[in-house]
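Below you'll find the structures, each written out as structure tokens.
Note that chain A is present in both complexes that follow, paired respectively with chain B and with chain C.
Presenting the complex of A and B:
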């Protein structure tokens, strides 16, 4: 709301001046004194006199009355009528949309100046005519904006929910739809008021608006133009008044829109100077790991202070091995994956740790070198194959692009042959035909196969798959999991597989790392972890899955907010086995058996 | 079992096809489904995307008009949407949605959203009722004045349930209520729905794409494919002894954590056909490993193979 104070104050002052004009003791704005025409600022006439010797300040303030009444009245009339038309058109569609929206398109077909001339000729010039004409001019804008917003708002389930409760259409429109479309309508209102002030000036300038000698900003500009050489300041005053009013109106409407949204307005990310530690000179500890992550910590600057969604994460993956990172939303698993690819959002910065890949630390690698690795030696498969493929390019071109980015020397024909064999490799039946298809012509499972083909295009040593089957149907998911397992076996690629589903992880992973609130809480061979979980969180997660014969049991409470992490063990507040020590000390990730790690004070007493 | 509270016979729903120059074939979302749910009973409807399960839920609620077939609610015919009788019936038929973010109005406090149904139908006791509802779904009554974005996904789903329960409905449709939630929260919501069904004696239709989720909540399961029922029966029976090739494929494709639970996977080739151009005869035959020429000849009837177990497959006996 702070942002509304300055523009709000300016608008209030302008409105007050306009309203109080008769009581301010100003000279008569239409009284001429030709003897003193064009005199500069003097006592009693702060801004001087115009070409007929009338007081400029007085005309400016009285002119605001006319200009603002015209602007607000026309914007308000157009806003109310247009919003109603848009609501009706968007809600009832069919005939309603026809009448409400198409009729507006007819108005849009007339050039505004022709429309103005027509109406003025019919009704004669004056403020009333101007209001009517401007409302008609702005009406289509409001109707169309509201119509479009209603169409998108009506698809939300909360609208269907009130309909299921039996609410009448007027009630749904007034209580549910209107508040949710109000934002863009408010913006449109501010634009309309601003445009109306400008148009009023323009039309009065042309002699189609307010009739002289009544003061208005447009008439003042028109008058000042003739004497621009002798008294240039006369042009400045009405122009300045126009600019300040329009700017203040726009800022005020923006602030009001944001204040009316209970979710608040997200502050822009503030990129911070990297306070990363100097790169370590030590080579990666374990040379047979394709990728080794050591103590990665990622910090994100948020409006409420910095948070660390990934804290001290260490993991490694060998060739031909699948490491699954499993965790619930907010556990930091996806941020860990994007950090490897160097695709962290601008607000997120790695503040500690190393990611060793091909004997280089990815965290300090310059962007051009990273770009060479991405899609080359390491590739990524995303969750949603529809939004990850370019909808306007054919499949063949997209795979070809992936090949060309890393092997520019390859000719078009060779690229095509390679793309074709890649499609065959991922089990697409008629590769020649599919190369010329667009993404929307394929099913979800087929698109995910194409994404995997693109990931394989440059024989990567590491594939990162971020929830690659979550958006797919269960029978198609089974096909994709089989394909990934085949590829891993045949190519010896290392794979990091991110998932929230324990079942999927159990099917595909050799080793598993369980994440909770940014930490790895348990790591080990998948079969051993699932058979005998050491960390209470892993055990609770397994009990929560509806997999066994027993009724699944939920974990009480919710994941802690990254802004208020518990002092000790992050899971302690929800843990059935927590003791006082758990809340006090953060447990280290310690080896339980030669190949298993666990972050719990009490794992041994399980 | 008592007489069904809600009963439908020969229910069909098709949506007009799209197209600018030439209108495409209509999408047949639900075809010839018979259904009956008694008070205190939960029926699970399982299917993949495009199986018509959500459309079926909205038909039974009366939110969509049926293209053919009849729906009887509490012995009376379901009025058509918008009718005054339809509006009067709303408090008794309610729905819980999948998306805990999209199903609450972001600009209104949750308290008034929960009691909307009471206000619309001029029912009394909104304030007391609100506190009781919030307690019933496991939330603090003091939270009624908060906005939806101040809650986690699981808490929002509880708010959605409280809104559906506000008018004391008899029939509740839960449309994938746990699909968007984390595993640890899913179990909380399943348990909540299971206990509410018993304490409130609700008739419940539980829609899910995941067979495992319906297993612990539902008395009976109905498996849909391309708008048709493939198999239906008591939950334990379906899990122990699936008779339809599609049900078997679905069960075997569901990822399991426990290697002992994993059966030999039956991989279905390809994707489900388009609902606007379904195969002749048995709609599943194009992906079925056991299909024979006879499968294309006629639509297989849903026939009983046990006291409550019914299957729509002409080869079910040979495959058993």
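Presenting the complex of A and C:
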């Protein structure tokens, strides 16, 4: 709301001046004194006199009064009538009501000034005509906004409840719906006032609005144009008054609207803390691994302070192996994956760790080199295939550009052949037709096949699949999982598979890493972890899965907010087996067996 | 195809509605239309003159007959004659419309050329110096009424610095250079508000598309940033900009009336304002109908262009 103070103050001052004009001791704004025309500023006439010798300051302030009376009157009339019309139309719906609201839209078929001129021709100029025509111009805006709000408000459960209790329509409209509509109508009102000030001054400037000698900013500009050479200041004062008024109103309106719609602005990117000058000090520990992540920590700058959604995560994956990362929403699994691809949002920065891939640390690799790897040696399949494909480009183009980005020498015909065989490879029956299709012409499963084809385009050594089946039907899920398993077997690609569903993971994973609140809490071979979970969280996840014989049991509580992580074990507040030490001591990730890791003080007593 | 036919049909229907409203407006106002048009300053008009005007406008015939003959006239591009000098309204419009169209086209082109590159750059460097500077200027430009900009341009460039002529018009055939020089200031004045609107829309729209999943996909494919911007971001970001352009054409066409007046540009504005002043209803009706039809046609063109850019519209 800080942004509203200055423009709000200006608007208040202008309003006060306009309201108090008769009591400010100003000279008569219409009294002419031709003998003293165009005289400069003197005591008693701070801004001098105009072409008829009238006091300019007085005319400015009285002009504000004229403008604002016209603006507020027309906005208020349009607001009241439009809101009532929209309320009635929205409440009774029906064809008739909709037509009544919609017919107002005819006003929008005319450029505003032209409709205004048509009305002036019929009614003659004057403040009354102005108010009438401006209300007419703003009426459809209010009717529309209210209509739309009522339609959405009446679907709310509390409105349904009040109706079921037998309240009468007028009562529901006044008590329940009107307060909901108030916000948008107020925004509309402030927009209308600013627009009315501009239109009124424009028409007065043309000599078709306020009738002289009444003071109006538009008329003052019209008059001062003739004497522009002798007295340019006369032109500047009303121009400035008009601009400042409209600007203050616009800014106030923006600030109010933003306050009503608080979408946080992410902070700008900060430079990486990692020392770029000393790369390769800690080389990869295990050359067998396609990808090795060591102690990755990601920090995100939020308006409420920095958070660390990924903390000290280490993992690795071999060729032909599938590593599954499992966890609830907010556990940090997707951020871990996007960090590998170097696709973290600007506000998120890796602050510690290394990600070794092809003997290079991805975290310090410059963007052009990283870009050569992305879509080439490492590729990613995303969760929602609909939003992940560009809606306005054909499938063939989208696969083609993935090929072209890494093999620019390949001709258009060869690219097409390769795209075609990729589609066949992922089990699309009629690849030729599909190449010219748009994403919206395909089913969800088909689109995910296209995404996989795109990931395969340059024979990657690592595929990262981020919840690739979550957005799909259960039957299609199984087909996509089969496809991924086939591909991995045929190509020997390493795969990182991210999922919140243990059932899905059980079908495809060789090894599992369980994440909770940014930490890996357990890691090991899939079969062993499923047979005998060591961490209470893993056990709870397994118990919560619906495919066991027993009734699924939920996990009490929620994932802790990254702003308020517990001092000890992050899972302790939700853990059935927690003891006092758990709340005080953060457990280390320690080897339980040669190939299993667990982060729990009490794993041995499991 | 069906979609296009339907959209064209809607536009034709709207033009019919607009024409009907313009025709009926004279009859909706309480009192005798002829008397209304002749009354000025509160004095009762001479009954003989009123009878004359009534006959001239055909107001003595039944309303439906008048309505039918109005549309018959429209079909033959006949909008009646001026009450002031009996000059055919259609001829006057035909003579002046091209100049107004030229001004509108120049202003729109100027706006697009200024707004799209700056809006895109500001979005790509969000929060930077350029972005803050441009966003601030856009807020200011939005607040200055079009006739104020015009008047101030004359004051500064013509009256004070003497680097531009204060206004006027020279036909292209007579001197192309002079013609263009005189076009610059009015076109700039009209373009100013639209540029601010389009800048804001382009910036918001590019920012919105940048956060889309398919842009992340494109990055994940290793596509070069310039190509992502051109193929993925701009192509999707420009469709809402087009819609806003269409919606703001109304304000632009209205602004043209004011700006032509400020710069003595001999388009439709002069006869329109004179006609409003003289309550010459046939002339006002003809010009308002022409510009409103233009507005509807521009929006039709925008929608068709929209369909070319976004395949989902065509099937949807």
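The rule is short, and it goes like this: the second predicted complex is superposed on the first by the 498 of 606 C-alpha atoms of A that agree within 3 Å, B and C clash if a C-alpha of one lies under 4 Å from a C-alpha of the other, contacts with A are read in each partner's own complex, and residues count from 1 in each chain.
The rule is short, and it goes like this: a residue touches a chain if its C-beta (ideal position, glycine included) is under 8 Å from a C-beta of that chain, and two chains touch if they have at least 3 such contacts.
The structure presented is a predicted model; accordingly, all values stated were derived computationally and were not measured.
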item	value
Partner chain in contact with A:30 - chain B first, chain C second, else both or neither	neither
Partner chain(s) touched by A:485 [first = chain B, second = chain C, both, neither]	neither
Chain B versus chain C as contact partner of A:109, first or second or both or neither	second
Touching both chain C and chain B, counted on chain A across the two superposed complexes	none
Chain A contact footprint on chain C (complex, rising order)	14, 17-18, 21-22, 25-26, 29, 36-37, 39-40, 127, 139-140, 142-148, 151-152, 154-155, 159-160, 212-214, 216-224, 227, 231-232, 235-236, 249-255, 257-258, 261, 272-273, 275-277, 279-281, 284-285, 287-288, 291-292, 295-296, 309-312, 315
Chain B to chain A touching residues, read off their complex	48-49, 61, 63, 86-91, 93-95, 97-99, 102-108, 113, 116-117, 120-121, 147, 149, 152-155, 160, 163, 167, 182-191, 194, 209-210, 212-213, 215-216, 249-250, 252-259, 261-262, 265, 267-268, 271-272
Touching residues on chain A, where the partner in the complex is chain C	106, 108-115, 117-124, 198, 201-202, 205-208, 218, 221, 225, 228-229, 232, 235-236, 239, 242-244, 246-247, 250-251, 254, 265, 268, 341, 343, 371-376, 379-380, 382, 384, 387-393, 401-402, 405-406, 438, 440-441, 451, 454, 457
In the complex with chain B, residue positions of chain A that touch it	156-158, 160-168, 171, 175-176, 179-180, 260-263, 328-329, 443-446, 473-479, 481-482, 500-507, 527, 530, 540-548, 551-556, 558-559
